[in-house]
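Below, subunit A partners subunit B and then partners subunit C, in two separate complexes.
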Partner chain A sequence: MTSSTTATLRPAAGQAANVQLKYRSQAVAKPYFMAAIGLFVGQIIFGLVMGLQYVIGDFLFPEIPFNVARMVHTNLLIVWLLFGFMGAGYYLIPEESERELHSPKLAMIAFWVFLVAGALTIVGYLAVPYATLARITGNDFLPTMGREFLEQPTITKAGIVVVALTFLYNLSMTVLKGRKTTISMVMMLGLWGLAIFFLFSFYNPHNLVLDKYFWWWVVHLWVEGVWELIMGAMLAFVLVKVTGVDREVVEKWLYVIIAMTLITGIIGTGHHYFWIGTPGYWQVFGSAFSALEPIPFFMMTMFAFNMVNKRRREHPNKAAVLWALGTGVMSFLGAGVWGFLHTLAPVNYLTHGTQITASHGHMAFYGAYAMVVITMISYAMPLLRGREANSNRSQVVEMWSFWLMTIAMVFITLFLTAAGILQVWMQRMGDHPLSFMATQDQLSFFYWLREAAGVVFFAGLLLYIVSFFVRGDARD
Partner chain B sequence: MQTKDLAAGTVRTVPGDLAMWFFILAELAVFGLFFAIYGVVRARQPALFAAGQAGLSRLSALGNTLLLIAGSGTMAAAVQDFAAGRSRRGTRWLLATLLCGGGFLLLKGAEFGGHLAAGITLSSNDFWMFYLALAGFHYLHVVLGMVIIAAVYRAARQGRYDAANHAGVETAAAYWHMVDLVWLVLFALVYVAR
Partner chain C sequence: MSTRFTKSTARNIFYGGAVFFFLLFVALTFDTVQALPKRDNRANLTEQVVRGKKLWETNNCIGCHTLLGEGAYFAPELGNVYQRRGPDFIKAWIKAQPTGVPGRRQMPNFHLTDSQLDDLVAFLKYSSEINTNHWPPNIEG
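Up next is the complex of A and B:
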């Protein structure tokens, strides 16, 4: 178990000692978390813009065309989650390793480099046409742009690699010199995997089939592979802290979840290879392995509830416990159930690339990754601000934001699923299938409902931010 | 099954590490699903599958079956010896298990080599796709099982197991028996069933 010595280091000049932090260098996590939340707000604003463009086609055209709004929406998602993972790493690894971070200074330099590079990239997306951005950033020397989710200019990608390497160097040195726990090992495995698979974003063969084939090595092996390890480690860390359950129990769960993730997830990549020109056997491989991908997510749910039921202490941070349980449930629904819905090749034959995919994408990203990052922030942020938990009033506001965002996301998912079913029916079945755009017109009712749910989600997010500023008697 | 005294009373537990049993269940689920899909596809193309099966060497498969059954026997003997405190004999049985596994890898490797030389790939037809996938995955599981047993063998030589504490041997044995079980189904389904 971790030692309970707190704040043995002397505070810097002019800075009051934070008695809640075991290691002072954990404080570098704070700007990462703040940046993550800020970018999350940006992501949702562009989501709302794009949602409106589904029904009012020329909304904000030509200033922000649909493809640009979509690119900003998805890129901001990835970047804010990366900020969240990095913040989580900087907070969790020193505590698990029972020592200060190798170099807090390097962590802060990396933070500013990443934030500035990220902001410049977004400004680039919005300020100039994409082709111009490609030209002025020298895409011709090493063409990597123009692919969904990997639209970043090549120099931004190189910057991401540099930031990731300093991050991994910093954490790895901390782990190597300190205590090694299952949680820190799984976290490091996931983070190294994240960096290694990102390297495939630099491989951009002319053959479109090969291009897509390896593109999924970044996209799928991130979200259905190594990110799940990061998620498991983060969830386990918070659960150990808020429930006081024995580490051995938590670690056993973690082992099993990881084994299941890797067994099903790696070859499960095949469910993306169905109709893109890859050999036919992928239909069998992809269907069989990915059909079992809900299992690790279901185990994650069981894990969260089991630990909370067996808790040995009542942690004053109720909001963090709620987020942890919410992650368990929503990741299973979004990634597990909604993924399974269209993962079998005969079903996917009809649903490929429809709004059903979008519904799955929304709930899975929110339920698994957005929520686990918020769980970590919810647990760590009060400690980073010098208290074990926020005031009761603040937590009530935060819980409201939890329910608003989560219920809104459930509705976004349901409306998109309805739109998707209708889309498959009208566009791909029957004797007189409609064209893509004619079908889209027919779906506008559901798109309006989705937009309304999106507004509620945004309100929940704003409330979440408000919760940071709600005062009240600090709880000890 | 063994019994352990816990604070709450006597509780029956599975041999070895519980996490391994979850892992085994997951493995069986994947193989089970694959076998089921094999059955469905085979029922649709009986002629193609019969022709494919005729191209397999049942003698080699029989040899492999005997090797794996023998390996399961030696592994069970190892567990019994460790439980009875005969660690040196148990360690020798572990080595025997590794030899059985090695024999399987050689024989099966030669069979795969023959297919490769004949120009057979995953894309040849549905039969060969299933055969190569099932046998190939199983082959990798034999390799993994041997890695686990080799690790246990090394620990055993360092004297880390005794009658009271040999959960590592039991854990490895559980996995090895699973690998054997999957082969028995595979042998019956892919080589023998007409």
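Up next is the complex of A and C:
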């Protein structure tokens, strides 16, 4: 094995546009990444609105009731992550397949359809009462609305399926005609799985238990199943590029990680079947298998650090390497540690549906999916803009934004965890439990701290955007 | 990782494990669906309850409340509100919203008719009688 490589000596900034792209059609990823970042900003603004409503209950009422802000916050999250995954797909599949994308034009049409449909849906949430939105979008024909995370009008859901199918068709054709690598196969498996499990969002039986049971086939089998394949593939792709480590090694890791993901995560769905009317044996299956779910996340951390330690080149994009390592650590903390915290049935009996759940949801979504998308953007965006890496000044700003957002998220998680423990203590333990609302009043100190950490997070996000505009000299 | 443990071994574990555990999951799902009639209170799943569930959904109640512990954490658990408050209180409460108390968390008014309120209460009653393995821990939810 050679210990150095000449790859870093390629021309950097200042050259004609696109010399950095191996395939011109990879450029379609750029608008996807830009849209993702824009929607991320919207998500956080509505998070801050809700954070204030937690302590000043009538803030922006009746203009933006809490439930409306929450739909906007969580749906923007999902949509910007989907934009990120799609951008990542359009960027990495041509490169892995060693050929141009099947149809860049279709990719651009899908982009605009998705963006417009997404924007209209958000406007609908904000402009009219939800019941009105349900009526004018024909929810009666196929009622799918009004369930957490799946609040989109049925026609929006259908639009998502159409966009996903054009995307999958486009990428699958590219893969079929080109080189097939482990990374591209795992990415495609994850993306197909994402689309297939989303189909369960159209199943909304009258029976509440069945409704809840299959609702998790979308939500859990996404974040603790197929999305982890997408995450693994994206991380592996970036690590191959920035470390120059032998593909064989990276791909072996990738297979072991995703094997552990599905071996633990599928039956692990049972950690949501403790108290919704399903049989008691799920307490055993759900606890046992989901207790093992941190393993693949821990391996993700080991993977990132191992590859970077064994690197055979010094990639000039230090910020991307930082994001990749950060993803490993934060996904393990958020999903692995904070997931384990409340996944055993006797613990979950007390913590189910409290601020503990919210604390875990935040760090897991940020640490795993937000961060892996940003890792990809951080790596690919400079290349899409015609340079191997951003200037040092720009990277320093980006790294500041990394630390601000990540540390702020750690504090958001800690404050919500504190609130959650107290909530359980006051409302669910002891002989004289407080009511829900009385308990919430007692917790306002922690909610204020969470909001303060949220403001820091927002500052970090704005700084991240600033980093795109910091020019500085070409890399030295 | 050791050199004896090859990439194709890893790949086989992945495909084998995925298929095996997915099939096991499908089998458990099948068993669960068989067991549900004794647990999910379907005997009381009347037309009225169905209408109530639709109202629950089209007014996005889950955007503030939890139901059997799932949903949002801004407002009280409603899976056992029928036992905690009773039907009359629930209807009066929904009609009286928003309270307008300064600084207090506000619930919108959904302009429901009396028969819609009855539907919603029927849905909450049905939900409260699902066998949840004794969750929530106490009446406060």
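What we mean here is this: the second predicted complex is superposed on the first by the 458 of 476 C-alpha atoms of A that agree within 3 Å, B and C clash if a C-alpha of one lies under 4 Å from a C-alpha of the other, contacts with A are read in each partner's own complex, and residues count from 1 in each chain.
Just so it is clear, a contact is a pair of C-beta atoms (placed from the backbone, for glycine too) under 8 Å apart; a residue touches a chain by one contact, two chains touch by 3 or more.
Keep in mind that what you see is a predicted model, and the values were worked out from it rather than measured.
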Touching partner for A:L292 - first (subunit B), second (subunit C), both, neither: first
Which of subunit B and subunit C A:H206 touches, first, second, both or neither: second
Touch count on subunit A, higher of subunit B and subunit C: C
Which of subunit B and subunit C A:Q427 touches, first, second, both or neither: second
Touched partner set for A:G280, first subunit B, second subunit C, both or neither: both
First (subunit B), second (subunit C), both or neither touched by A:G38: neither
Touching partner for A:Q53 - first (subunit B), second (subunit C), both, neither: second
Partner chain(s) touched by A:I263 [first = subunit B, second = subunit C, both, neither]: both
Subunit B versus subunit C as contact partner of A:G244, first or second or both or neither: neither
First (subunit B), second (subunit C), both or neither touched by A:T182: second
Contact residues of subunit A, present in both the subunit B and the subunit C interface: 252, 255-256, 259, 263, 279-280, 285
Residues of subunit A touching subunit B in the complex: 252, 255-256, 259-260, 263-264, 279-281, 284-285, 287-289, 291-292, 295
Residues on subunit C engaged by subunit A in the complex (per definition of touch): 1, 5-7, 10-11, 13-14, 17-18, 21-22, 24-25, 28-29, 31-33, 35-36, 39-42, 45, 49-50, 53-54, 56-64, 66-77, 98, 100-108, 110, 126-127, 130-133, 135-141
Of all residues in subunit B, those that touch subunit A in their complex: 18-19, 22-23, 26-27, 29-30, 33-34, 37, 122-123, 129-130, 133
Residue numbers on subunit A that touch subunit C, as the complex places them: 50, 53-54, 56-58, 61-62, 65-68, 70-71, 129-131, 134-135, 139, 143, 145-148, 151, 182, 204, 206-210, 212-213, 248-249, 251-253, 255-256, 258-259, 262-263, 266-267, 269-270, 272-280, 282-283, 285, 349-350, 352-355, 357-358, 427-429, 433-437, 439-440
